[in-house]
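Consider the two complexes below, in which subunit A is the common component and subunit B and subunit C are the respective partners.
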Partner chain A sequence: MTDAPAVAPPTERSSWNPLRAARKLPDAGFAYFLLLPAFIFLALFTVKPLIGSIIASTQPRRGDGFTLDNYARLATDDVFLKALGNNFLFSLITVPVSLGLAMLLAVLLHQNVRGRGFLRAGVFAPAILPMVAVAVIWMYFYQPNIGVINSILGALGLPTPDWLGDPGLVLPSLMVMMVWKEAGFFMLFYLAGLQGIDPELEEASRLEGTGKFRHFWKVSFPLLMPTTLFAAIVALSDSIKMVDFVFVMTQGGPDNASNLLLFYIYKVAFAQHWPQFAAAISLVVVAVLVALALIQIRLMDRKIHYR
Partner chain B sequence: MSSPIRKKLLATAGAALAFAVVLTGCSAPAQADEEVSIEFYYPDQVGTLGTLIDGYLKEFAAEHPKIKVKGVYSGDYDQTLTAVNTAIDGGKAPALAIMDQTFVLDLVERDAISSWDDYLNDDESKKWLDGFYPQFMKNSTDSEGHVWGVPFARSTIVQYWNKDYFTKAGLDPEHGPATRSELLDAARATQEKGGSKYGLFIPTSTGTAYWLYQALVQQAGGDGAISNADGTKVTLDTPENVKALEFWASLGAEGIAPSTEVAWSTSTDDFLAGQTAMLWTTSGRMGTIQDKATFDWGVSALPKDVAAGAPTGGGSLMLFNEGVSDKQREAAVTLAKFLTTPERAADVSVKSGYIATSDAAWNDPAMVAHVKKFPQAIAAHDAARDAIPEMSTLDRDRVVYQTLAPALQSVLLNGADAKEALTKAQADITKILAEHK
Partner chain C sequence: MDRILTTSDRIERVLAWVAGLLWIAPLAYVFVRSVIVESPGGSRFGFDNLTNAWSAAPFGQYYLNTTLLVVGITLAQLVFGALAAYAFARFTFPFKNALFVFVLIQLMIFPEVFMSENYRTVAGFGLLDTITGIGLPYVASAFCIFFLRQAFMTVPNELVEAAQVEGSSRLGILWKVFLPAAKPSIIAYALVSVSTQWNNFLWPMIVATSDETRPITVGLVRFLAPETGMDFPKMAAGTVIVIGPLLAAFLIGQRGFINSFLRSGIK
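Showing the complex of A and B:
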């Protein structure tokens, strides 16, 4: 520190400075540089677990080695087959009903009715609620002795079934709740879709004397197809991945009547501590979902008029 | 991208990076090295334990300032198992946890917990361990005599009855039914003359059906334990097993109980709301019933049929291995001894209704005073005398929840044939257990 140099030593000037280097990158390179954090997270939280699951699914429960037993076991695992059947029914019914109801509500609330804003907000409200909150609310609706539904039925002198305690009723009861939650959400997409349709078409229909239903069926419905495709894919994946209510309301019972795939995967992975088998089930479910989405896109693509 | 914007972006990123480095420096741990900190997971199945344990941990902190205990409330027993499993997979298990006593076999098979005998070699410790009632040690001790769990909150099944309904039905309100025929007579009388909607609730939920079924099998003259000590074999297809399940199903069929699920979680509320004259549930619910009942109620051991008895239940303290140092293990043992002294066992029993775990606790002055004021507490203590071990097997979740519970429910709620359902469950469970040999 005796004779401090007035300028920085030359070594520092030529050393590699990442900020300076980044400044000199070509635009495409710089774009990738900015995307790097996103890629890192995608790799860390999506790609790596996926590869990890594929590897885990081919390992035995104890010890090392390669095995396909986990996949073979799927065919004989009664609870998996039951959950698969339950989920199939659950999706098959809740997806079209939710979408149909959403479209109906959207068409009704697209018109100039009194209190339209209030009604729209009311129908959309369930979509904002977290699934767990919905489950707790509906548990009070369904409670057999003091619940809302049975209180009304009881007052009218009608039978008061145990909605969640009867193996035959539990799945339909959950479906009703799911439709209630989902319909408002998809209505919003349909409303947006309807607003995107040129109002001149409706005027033309009116001038030609076309009925309202015919106008909907021949004009609005086909033009809403892109929305329907999108909503159908989202609804299908929701019907498989939104299972919070099973934890809160039924724990998959009684008699496994409300056991759904994701709940079963959770049980196998954590409660039974069998991550290898859980990975095998997960991969099969993902494969089925991807296949279904592809089929949906292919089938509907032919009927969709993109503008 | 234009150069000035790029410059700004990079400058911001640089500043953020520098800031992060400074922050990391600030948060460097500053811990005195003779201190030890451990995690302790505790579940609360009945709603009164959580506050009690919080209080004990505060007392412990005052008494042992060098041991920092991080108490983690972990939901019910099954949620606690999930939490602990996740912690083990993450390489950092809690040093000590209250686990359901039936989790021992699976945890030992996975080498997740350590036996207590390695840490309790002096005479005083042995005396402490030997003081616990033997029926509460059965599920925690293996065939070679190693002890894996220390009793904390222990229970058995008892019957509660609503004295108002008994009086209205012309029954003796001071004595609950002592035999099966008295039980059925009382149930029908309270419904027909007492004004109760239902006579008797025996919960049929997935999580606890096996437990109540054990009592019924024992009473039918069968082996109520259902499983062997090593958890490698179950007995479900004897005539006594079938008889027990048929009796249970008959309650729903004859309208004494609902023919749909009698939910474990809400059955106590139903009893408190006057929906049923009698309820079979854990003695651990006595505290809740004492607090909330708006009518006089009685409690006693379950009525006998061919034989008497009910399984024990509840949690034990277990020592976990993954990522736990020797020093932490030592601290965990200290905490466990602190939590299970006779005075605290008595306190747990007084405040929650769980059963005093040793004679020392039962004779503790606080307990004696409580029993004087509240003689119902004797019932649970008496009921525990005939208690049998709780059903426990390897791969317990698959065996008990996934196979046995649905089999029982298919008969109770769906009208399936008891013999067929049990024979199939026996075969399925044998297949599951065969993979563990």
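Showing the complex of A and C:
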């Protein structure tokens, strides 16, 4: 780095004017110049729509004027409440299950198993696939008549339910798929975490005759806590954001049993052509996301503190 | 005691394989299914499903669109992100903390949540059904700014001072000192961004209305949609066309991919 070609900067008179102008700025001004491009686009696609949504959400569906009807409607709109409840349940179950399985997989694939690289890659592979492709793959498994799961169950003489057509089964079925897709991704976080744990700790447990499970519970699990907290936030935001499968598999049905918030926003905005009400729902979701962001910031503060 | 440990080791090994195979099975099944041709005389091995699917929809065009989209977004995110991260990591300026919190809050907000308003914005620019219009909401990423800023913070001051002594400009220092030092993080971010954008569906589906702009995810769903009932071989073939190259790229680069992920400190 120190032996870079000694270009004589002051004498160089080239035509790149904006950069030369930037050179003359004081540091503070230069910093704003650096921030400008990113902030223009961040403002355009998060601040502007935020303000736009606030305005739209206080307008009636037809005509002008100010109204709070859209917000009042949130409390009485059955589909919205259903989607909110579904999303809550979906997050509440998929996040801990994904993380728990990810941790188990990481512990299993941290050790020196033959074919470790292959197994790690295999478990991680679903994480790099598009959610829509994952959805198509799982439709094979869930299809009631010729689907893979029911073929096996039928051969064993067991009942063969309509996994995606039964209001009681559709959400759990989608949760299984979500966990399959997500667990490998978080396994990678945990593998990184496990690499950071001093191997002497495991040796000590071994010498003391502490069982593996006990060692995990008393040593690894607490040490992985920062990873868990961070992964939980990512998983939580994914469970709101990555709902493409609803479009492919169920369209929110049957009877809204698999309707999730982002899908409902889409339906209200683009199928019912009701952007004012869609804006009110968006703001509810944003409030949740901002709350999550604030929790994340606090956690990161603490993590930086501990380092 | 030794024997007890080896037994539990063996159980763990078996468990590792069971779990691994359970995860791989669905993918393996789709691949197998895509090369089984069903004909009145029974099933046989063949690539007919794949060739039929390939010619039934403009998958080549979809791939091209996705590539343009992904490369454009990732480059823009890195350029804008590196500039902003450099400002946060190196300079002091009024409202610095407030502006950084503004970035942090957006770590969680994704453009799709405002799909209705963003649709209006993009329509206002006359960019509906263009690749630019699909990519525009993503060109600045709060996560990229935050992530690169963390990497830049670890650059030793001595390097910066040495470059200053040499007479490097502030942008020259970003280029010659900060970017090379943060190379592992830049690669890791690029990989994450490419796979995220490659897989994106909802917003592109809203904006793209013609095959000239549709990315591969939207193309796949459209390819499968008009069917009445389920055509399993067709579904398998379409899925394999979409995920095959992705998995191949991943398997070729997986060691590097997983390692750069593990090393970059995304944890």
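Everything that follows uses one rule, which is that the second predicted complex is superposed on the first by the 266 of 307 C-alpha atoms of A that agree within 3 Å, B and C clash if a C-alpha of one lies under 4 Å from a C-alpha of the other, contacts with A are read in each partner's own complex, and residues count from 1 in each chain.
As a working rule, a contact is a pair of C-beta atoms (placed from the backbone, for glycine too) under 8 Å apart; a residue touches a chain by one contact, two chains touch by 3 or more.
This structure is a prediction, so every number in the text was calculated from the model and none was measured.
**Student:** Taking the superposition as given, does A:Ile146 touch the first partner, subunit B, the second, subunit C, both, or neither?
**Tutor:** Both partners, subunit B and subunit C.
**Student:** Looking at the overlay, does A:Val286 come into contact with subunit B only (first), subunit C only (second), both, or neither?
**Tutor:** So A:Val286 only meets subunit C here.
**Student:** Could you let me know whether more residues of subunit A are touched by subunit B or by subunit C?
**Tutor:** Greater contact footprint in residues on subunit A: C.
**Student:** Tell me the contact category for A:Gln272 with respect to subunit B and subunit C: first, second, both or neither.
**Tutor:** first
**Student:** Return first, second, both or neither, reflecting whether A:Gly252 touches subunit B, subunit C, both chains, or no partner chain.
**Tutor:** first
**Student:** In the overlay, answer first, second, both or neither for which of subunit B and subunit C A:Phe41 touches.
**Tutor:** second
**Student:** Based on the superposed arrangement, let me know which partner A:Trp138 touches: subunit B (first), subunit C (second), both, or neither?
**Tutor:** It touches subunit C, and subunit B stays clear.
**Student:** Touch test for A:Phe30: subunit B only (first), subunit C only (second), both, or neither?
**Tutor:** both
**Student:** Based on the superposed arrangement, let me know which partner A:Gly52 touches: subunit B (first), subunit C (second), both, or neither?
**Tutor:** Once the two structures are laid over each other on A, A:Gly52 reaches subunit C alone.
**Student:** Answer with first, second, both or neither: which of subunit B and subunit C does A:Pro199 touch in the superposed model?
**Tutor:** After superposing on A, A:Pro199 lies clear of both subunit B and subunit C.
**Student:** Which subunit A residues contact subunit B in one complex and subunit C in the other?
**Tutor:** 19, 22-23, 27, 30-31, 34, 143, 146, 270, 275
**Student:** Flag every residue of subunit A that touches subunit B in the complex, lowest number first.
**Tutor:** Residue positions touching the partner: 19, 22-23, 27, 30-31, 34, 61, 78-79, 143-146, 161-162, 164-167, 251-256, 267, 270-273, 275.
**Student:** State the interface residues of subunit C toward subunit A in the complex, per the touch definition above.
**Tutor:** Within the complex, subunit C touches subunit A at residues 1, 5, 8-9, 12-13, 15-17, 19-21, 23-24, 26-27, 29-30, 33, 79-81, 83-84, 86-87, 91-94, 96, 99, 101-121, 136-137, 139-140, 142, 145, 159, 162-163, 166-172, 176-177, 180, 195, 198-199, 201-202, 205-206, 216-217, 220-221, 224, 230, 232, 235-236, 238-239, 242-243, 246-247, 250-251, 254-255, 258, 261-262, 266-267.
**Student:** If you look only at subunit A, which of its residues touch subunit C in the complex?
**Tutor:** So the residues of subunit A in touch with subunit C come to 1-2, 4, 6, 8-10, 19, 22-23, 27-32, 34-35, 37-42, 44-46, 48-50, 52-53, 56, 104-105, 108-109, 111, 113-126, 128-133, 136-141, 143, 146, 148, 180, 183-184, 188-189, 191-193, 195-196, 206, 209, 211-212, 226-227, 230, 233, 237, 241, 244, 247-248, 262, 265-266, 269-270, 275, 278-279, 282, 285-286, 289-290, 292-294, 296-297.
**Student:** Quick check on the complex: what are the subunit B residues that touch subunit A?
**Tutor:** My answer: residues 1, 3, 6-7, 9-11, 14, 78, 81-82, 85-86, 89, 106, 110, 204-207, 258, 260-263, 266, 270, 273, 275, 395, 397-398, 401-402, 405-406, 409-410, 413-414, 428, 435.
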